[in-house]
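Both complexes below contain subunit A, partnered by subunit B and then by subunit C.
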Partner chain A sequence: MRVTIERAQFLKSLNHVQSVVERRNTIPILSNVLLKAAAGEIQLTATDLDIEIVEGVPADISVEGATTIPAHLMHDIVRKLPDGSQLEIEQGPDEGRLAISAGRSRFSLQALPPDDFPNLSAGELSHKFIMSAGDLKTMIEKTRFAISTEETRYYLNGIYLHHIEIDGKPMLRAVATDGHRLAQVEVPCPDGAQGIPGIIVPRKTVLELTKLIEDQDGSIEIALSDSKIRFTFNDMVLTSKLIDGSFPDYERVIPTNNDKIMEVDRRLFAQAVDRVSTVSAEKGRAIKLNINPDKVILTVNNPDSGNAEEEVAASCDSEPLDVGFNAQYLLDIASQLDGDTAQFHMFDSGSPTIVRDPANSSVLYVLMPMRV
Partner chain B sequence: MTASSTNPATGFCRDCYELISGSEARCRKCKSPRLVRHEELFDLSIAHIDCDAFYAAVEKRDNPELADKPVIIGGGKRGVVSTACYVARIYGVKSAMPMFKAKKLCPDAVVVRGDMKKYTQAGGEIRKLMRELTPLVEPLSIDEAFLDLSGTERLLKNPPALLLAKLTERIQLEVGISVSVGLSHNKFLAKIASDLDKPRGFSVIGKQETLTFLADKPVSFIWGVGKAMQKSLAAQGISTIKQLRQHEKSELMRHFGVMGARLYHLSRGKDARKVTVSSGTKSISNETTFNDDIASFETLEKTLWKLCENVSRRAKAKALAGRTVTVKLTTSRFKSRTRSTTLNDVTFLADRIFSAARPLLKKEADGTAFRLLGVGISHLENLLVGDMPQDLDQRVAQQTKAEVAMDKLRSKFGADAVSKGRGFEPPEKT
Partner chain C sequence: MTIRRLPEGTINRIAAGEVIERPASVVKELVENAIDAGARQIDISLVDGGRTLIRVRDNGKGMDATDLELAIERHATSKLPDDDLVNIQNLGFRGEALPSIGSVSRLRIVSRARGSNEANEIRIEGGRQQAVKPAAHGEGTDIEVRDLFFAVPARLKFLKTERAETAEAAAIVRRLAMAAPQIGFTLMSGERQLINLQANEVGDEGQRQRLSDIMGRDFIENSVQIDAGRDVFSLQGYASLPTLNRSQSTMQFLFVNGRAVKDRTLLGAVRGAYSDFLMRQRFPMVALFITCPPEFVDVNVHPAKAEVRFRNQAQVNSLIVGSIREAIGFAGHRTASTNAEATISAFQHQSGGHHRSHFAPTRPTTAEHGFREAAQSFAGFQAMSGDTSASEIPLNDDDADKPLGAARAQFHENYILAQTRNGIVIVDQHAAHERLVLEQLKASAQKTDISTQPLLVPEVVNLDAPSVERFADAAEQLASAGLVLEQFGPDAIIVREVPAVLAGAKIADLIKDLADDLETIGQGQSLNERFEHVLATMACHGSVRSGRRLKPQEMNALLRDMEATPFSGQCNHGRPTYVELSLADIERLFARR
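On to the complex of A and B.
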């Protein structure tokens, strides 16, 4: 193998793929990135056995070939090379070594044979459809914050994606919950996605995907089965295993009879929540909402440090009501809303509350109250 | 009650509990000189109980030959005195003194390497007796605790002072350890009181005398005033509590921050701290050592469930719930492994503790033989069964409901009334 490649492009791709590589690995080859040089491009592959990212970079290939080298090491080397340099990557007769040179720098790295590198993308996927990058970003952005991090509830450690019909229109819905809050959003169902099974896309995949599609605005090809999903765009392919578990029957916990509605300016509300929660001892402390016809009074009471209170103008169509929430959850939701108004649909102080965005009817949040 | 109604009792005999109202030097009934007498004796309910030379007392209890000898507990790696009995103290031996110095002062002393297991056991027995009087027991360490006996008078048909005197006797009889009691109207003064008349003491500081009592005491009497604070107070000409009272609160706060406010209040004998149950507990755990080392995950898992149930039961009883679940293992070669995981919210449910602990155990059960398995919860918060957070995840919500229902059955029909399949062992046939 002999390749000449431009540093900036190589670095960008290395950056993408190396982030799935775990820092510590019991299987040595999982620390490596697979390089395949053929047909005018060098293809980089990295995996942690759950996610695989493949990306192609145009390169000048003199001799085709393949090898694997430590991903983080390679990334560090390329990162430190001067801007605008050209890399020469060469593997001689010794398959256990890879030579990299740029300007006056020379490196010789230990390589492992490419045949041992695991292949996650093998196998046919049953469903295939095209989706706009914008819709995919929306689904992730609106729900990601509610994904559970508790390993015990592995079936909540991801975004649940499934097909539903709303008023006869096929939609694709994403849901995430950690048991205390729930976020759901719908986008129009792309052609070919109607028959998909309900799947749970793992948290790490969601994070990696977010980074990769950050500056994508075209369309993305999604292929999936009930155990795997693959996203293809530009020169990148991300393949991931899905969470093997069943997502809870979330629709049953979304209340339908919450008739007390409060509307509040979401920015003023979020700022007030942020201010009064300063005195709470830890994150996750309760904040009390005293809801009146024309205002909501936020209070935090912390016996160790003091208490705080703030009034925010609001409109509510019911009797005054006291209800407590986790301050951080309120902030998380407020920052997700697109419009100026946050709409709270409540029943009483002990039942789940729904938060809606009048500017975007496709999103819905559910919050469990806390005792205050 | 034997005291006449015209002359209400202001004290009692600590040996026979006969009430006294006069100024006699000995009990009229049993002739004991151990009388306790105070105007406010039957109105006070905050107590501090401190064991007398605890470690040494346990050793003397277990080895009567040591009874009248000077005994020092300590040595080991650091070579300092951890406890000296009252005989050794006569020679000037003190806690935290280097062992060589102690031996110089008291060459006849019997030095005993401490046995923490024994002390923990005795401390636990004492605490259990305390909890029979009130659930509001706040342990400060293995051998001392605050008790709040407010409101127990009607329930236990005795004023707190009398209950405490009877408790000290029970501790002496059942555990074989003597304790000193301080009784007052707040924690600060109760702790000072328990130290006034050691050993086997019973001291009372009433509301009336609080200010005069404290006046000429050195500032080091105040909880939180150590050497450094004493020095900076001395620099301002403050060495007694009376002098401290001459300073404004704002002035003290300017110099000492939050501690300044504390100094201001404590110098006036005011202490608003409540006796709280949880402050002593950082974690709740349960572990077991196997008769034969175990490597099989299935066998370990069964034990794990029982341990989780124990932890859960104790947590529920204390109204404490934990956010972190820890599994502890010791291999047959005595290497210990601890693994922990953090939950989304606090829990005291056996099922949730188990489902968090099980994967941790599974990762470690790689064929290694283990001699010990333990599980615990930490990062505790107060939580009552009725206050459990609701969950949007129906599975967890149902588990919670089931466990609460099972606990109800157990409290009605006994611990074995109902159990989960995974922990069930059929009763042995007779």
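On to the complex of A and C.
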């Protein structure tokens, strides 16, 4: 193998793929990135056996071939090379070594045989559809914060994607919950996604995908089966296993009879929550909401450091109500909404509360109050 | 095969299987008999770890010829005068020991009743009894057990080495001796004397002496005395300071009405009492004596009587936990003097090593390093003395009178050197401050109500059926701590609300730990441990780090806080927060003594 490649492009792709590579591995080849040089392009592949990212970079190929080298090491080397360098990558007769040279720098890295590199992309994916990058971003951004990190309920460690019909219109819905709060968002269902099984996309995949599609605005090709999902865009392919479990029947926890509705300016509310929660040093401290027809009073009471109280103008159609929430959860949700108004649907101080954005009916949050 | 009644001999051997497991159990039964007989001196000798001979002589009240013959009958005992199994005053009562021993060995008993002029002897070999005949013997009883298990070769095969069996027998004698300080004990193994305990005065002093003989002087010097009572239960004894701990639980002795027990529930309570002072896998040393009217405890639940049941187990547990904690708290900042010993030996050990590294020409780097270190610590001293000469803190004699003395210097930005009236104290500032912050957090946590986070998606945890039952019983207690759960079918529980501070924790793990606690100690210790773990983590982050230079005022304030705070002698992990060297110790370092 013999390749000449431009540093900036190579670094960008390396950056993408190396983030799935774990720092410590029991299987040595999982620390490596697979380089395949063929047809005017060098293809980089990295995997942790759950996720695989493949990305192609145009390169000047003199001799085709393939090898694997330590991903983090390669990334660090390329990162430290001066701007505008041209890298020459060459594998000589000794298959165990890969020579890299740029300017006056020379490196010789340990390589492992490419045939041993695991292949995650094999297998047929039953469903294929095309989705706009914007819709995919919306689904991830609105729900990501509610994904559980607790490993015993592994089936909550991801975003649940499935197809539903709302008023006869097919929609694709994403749901995430950590057992204390729930986030749900819908986007119009792309053609070909009607028949998909309900799938749970793991947290790590969601994080990687967010990074990769950050500056994408075209369309993204999605293919999936009940055990795998693949996202294809530009020169990148991300393949991931799905969480093998069944997502709980989340619709049961979304209350339908919450008749007390409070509306409040979202920004003022979020700022007030942030301000009063300053005095709650410890995590899990509650913010108490005293809801009145024309205002809501937020209080935090911390016997160690002091109290905080703030009034925010609000409109509520029912008699006064006291309800407590975890300060962090309130902040999370307030920062997720993007309209001007936040709408709270409540039943009483011990039942789940729904938070919505009146300007965007496709997004819904459920939050469990605290008992204080 | 038709059903038939077993002959007496077989019955005795079956009973022996329960009671007589190894030579040590013979020793236990015989010594208990001797104690019950009111002996003042008990001499035990073993040959071949008890396999060839076990002999127990006492100077108790003895038996006459009729008693002697009855004694080796099954279910014959002098210890249940009115057949009342509730009101048990003696160590024994089942009337099983002698016939069981007699059925598996060659047993010879010689005894003279107190006040009588004649002694008698009886022999029984593998269950075959011989007639009583006159013999010569002083007041008391002498029992010889030869060729143990000759009649049950199977059991013989399961005996351990001579050394192991001897050690086990010695452990039993020590345990029994702890509860009977007024009796002298000797134990010979072949020609070697393993135990020689003098009879002591009845009372506190005698008890102290006996415990110190058995558990070591370290234990008595580094433990707190416990004397507490609640209702009909009372608890006496000694519990080690948390800084004196072991990697095994073998030095935990519990006695109920003078009977040595190894009861999991009670040991669990001891663990609970020390839970936030010791790391996991470290064990305190304790000798605790529980006394209560006999009708409040059932000792008849285990053939070897190692376990007991209390009529009110929860009360006994809370008595143990409460009184140990209170006693340790009262001892406040005391740390074990064993630390000072360790420090001195470390000094002595290292001084030799330093000489070598300084003068070794082949290793200049080490020597250089040593010098640099020395230079750094001198810099610290200078900075400090600069401060004092500027009289920011004139050396305050009031402080020097306090237990932890007046701060004189800080070195390596982590250790405070303080001078007391008769020695010096070295304090680990991070460890000490961590404990102070934790105690503050705990105090404020107790003042506030527990807020709970109900779960949007309740969590189902699968368990075995008995655990589920226990959770159902403890539901109310757990709910008051913020954990709301319900039974969910026969072998699962559903968790509806968790304490807000634990909201992100793994609920299933917590529940499984709690299940273990409920089984062993009857209350949800783990929940408290989790709370305290959260607080401890906060304390660790909120405390003065090592590497921070403290001003003299700050150091003195820290010392004063330590004196005022309970448990400040050890950090949250059971490490000592300071060591104290007396002048005598320092003089020893310089060979002045």
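One rule holds for everything that comes next: the second predicted complex is superposed on the first by the 372 of 372 C-alpha atoms of A that agree within 3 Å, B and C clash if a C-alpha of one lies under 4 Å from a C-alpha of the other, contacts with A are read in each partner's own complex, and residues count from 1 in each chain.
Note that a contact is a pair of C-beta atoms (placed from the backbone, for glycine too) under 8 Å apart; a residue touches a chain by one contact, two chains touch by 3 or more.
This structure is a prediction, so every number in the text was calculated from the model and none was measured.
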So, on subunit A, is it clash or fit between subunit B and subunit C? clash
Should A:286 be classified as contacting the first partner (subunit B), the second (subunit C), both, or neither? second
With both complexes overlaid on chain A, does A:324 touch subunit B (first), subunit C (second), both or neither? second
Touching A:308 in the superposition: subunit B (first), subunit C (second), both, neither? neither
First (subunit B), second (subunit C), both or neither touched by A:66: neither
Identify the partner contact of A:250: answer first if only subunit B is touched, second if only subunit C is, both if each is, neither if none is. both
Mind working out whether A:44 is in touch with subunit B, subunit C, both or neither, as first, second, both or neither? neither
Could you let me know whether more residues of subunit A are touched by subunit B or by subunit C? C
A:371 in the overlay: touching subunit B, subunit C, both, or neither? Say first, second, both or neither. both
Could you point to the stretch of subunit C, among 201-209, 363-371, 381-389 or 543-551, that collides with subunit B in the superposition? 201-209
Which subunit A residues contact subunit B in one complex and subunit C in the other? 149-153, 156, 177, 179-182, 248, 250, 253, 350, 352, 366, 368-371
Touching subunit C in the complex, subunit A uses residues 149-153, 156, 177, 179-182, 248, 250, 253, 282-286, 303-304, 324, 326, 350, 352, 366-372
Contact set on subunit B toward subunit A in their complex: 341-345, 352, 355-356, 359, 387, 389-396
For a test of understanding, state which residues of subunit C touch subunit A in their complex under the given definition. 444, 447-449, 451-457, 459, 497, 499-509, 538
Within the complex, subunit B is touched by subunit A residues 148-153, 156, 177-182, 248-250, 252-253, 350, 352, 366, 368-371
